[in-house]
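Listed next: structures, encoded as structure tokens.
In the two complexes that follow, subunit A is the common piece, with subunit B as its partner first and subunit C second.
Showing the complex of A and B:
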């Protein structure tokens, strides 16, 4: 089977709707089929990968922890909109330190998050075979 | 709904409430599958439980194999070894024994 480039675009915050957790589920399924998978976070979607989420008070599963497993699934391209971060008073240091181990570089840990401008994100999107928006 | 040691399980034998898990349930599931649990099985079961605690997901077999290789060495981190322990699949059967949900993407 030929590999396709899949991008999952996340535009909503983690809780309140099922979009964020459903997107992550689909991402993991796609990864199991060894496709070229990338994620993009823009608008309120950037909140999904903010460090220090705590869900005990709302009785929901804290699936933000699952983002740390993405590296094991060979998903290491997480694009984050610079503009969306700035509009919310956030910076890259507010995000979880998501990393992957580079098989081709003696398993060195490398960051998976790449903060990009909306123009850069637009260009990356146009290279995809499939772009799914959540 | 079916039960194992008083805990509810779904139609495929996975625990409905992960908090119900204990070693007796695990042993009963293994006995029902005619698997005799050894220390090697417990190593994988405990690993799966730790993985779930950390990441909130049951790992896909590919990911499990890689992670076990890293933690316990290549002689254990390969599918032949893991399938010898869990003949119905280290993902599916192993996760069930460990009280985890069915791995995402597992059909």
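Showing the complex of A and C:
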């Protein structure tokens, strides 16, 4: 099967709407079809990968833990908008430490998250075959 | 009156519309994605004065779900669901800014 470059744009926070969890479902499907998958987090979407989400108090599934599994599906390009983080008083250290094992480098554990400026994100988006927005 | 806001001010103008029409004795309770407005961020100045007056509340479960417990702006009062009920009883008419 031909491989395409898929980018998933995540612009909404986790629990107020169904967008975030639906995006994650579709991301995993694309990975199952061995496509080249990237994720971008911008606007309130950056809250999806904030460390320390505890959902006991709202009775909803804490799907933030699923992001830790992405590395095992060869999804290791998670771009996070620097501007969106700053606007929200957040920094990279507030995000979950998401990693993958690099098979080309003796399975060394490497960070999947890359904080990028909107200009950098613009360039990354222009390389994609498909962009899906959630 | 009790005003509840359940949207992030980065995504909708619900909070701004609420602030435009709130009277001097009303309080605001942030619920669901509205708790993002209780975090220390670029929009915090919108509610800073009301928070100082002790008139800004946020629902604790929603704050914890979003991982922003340690990121709250100054003078935000956290309430649980029982506290939510108390606010409703105390302030009478409730307006829901959805």
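Here is the rule we use: the second predicted complex is superposed on the first by the 134 of 134 C-alpha atoms of A that agree within 3 Å, B and C clash if a C-alpha of one lies under 4 Å from a C-alpha of the other, contacts with A are read in each partner's own complex, and residues count from 1 in each chain.
Rule of thumb we're sticking to: a contact is a pair of C-beta atoms (placed from the backbone, for glycine too) under 8 Å apart; a residue touches a chain by one contact, two chains touch by 3 or more.
Values in this document were obtained by computation on a predicted structure and should not be read as measured data.
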Touched partner set for A:63, first subunit B, second subunit C, both or neither: first
Subunit B versus subunit C as contact partner of A:29, first or second or both or neither: first
Touched partner set for A:73, first subunit B, second subunit C, both or neither: first
Per-residue touch tally on subunit A - higher for subunit B or for subunit C: C
First, second, both or neither for A:18, with subunit B first and subunit C second: neither
Footprint overlap on subunit A, comparing subunit B with subunit C: 62
Subunit A - residues contacting subunit B, complex: 25, 28-29, 31-33, 61-63, 65-66, 68-69, 72-73
Complex contact set, residues of subunit C against subunit A: 6-8, 10-11, 32-33, 36, 39-42, 44, 60-62, 64-71, 80
Sites on subunit A touched by subunit C in the complex: 12-17, 43-44, 47, 50-58, 60, 62, 64, 86-90, 94
Sites on subunit B touched by subunit A in the complex: 54-57, 59-60, 62-63, 66-67, 104-106
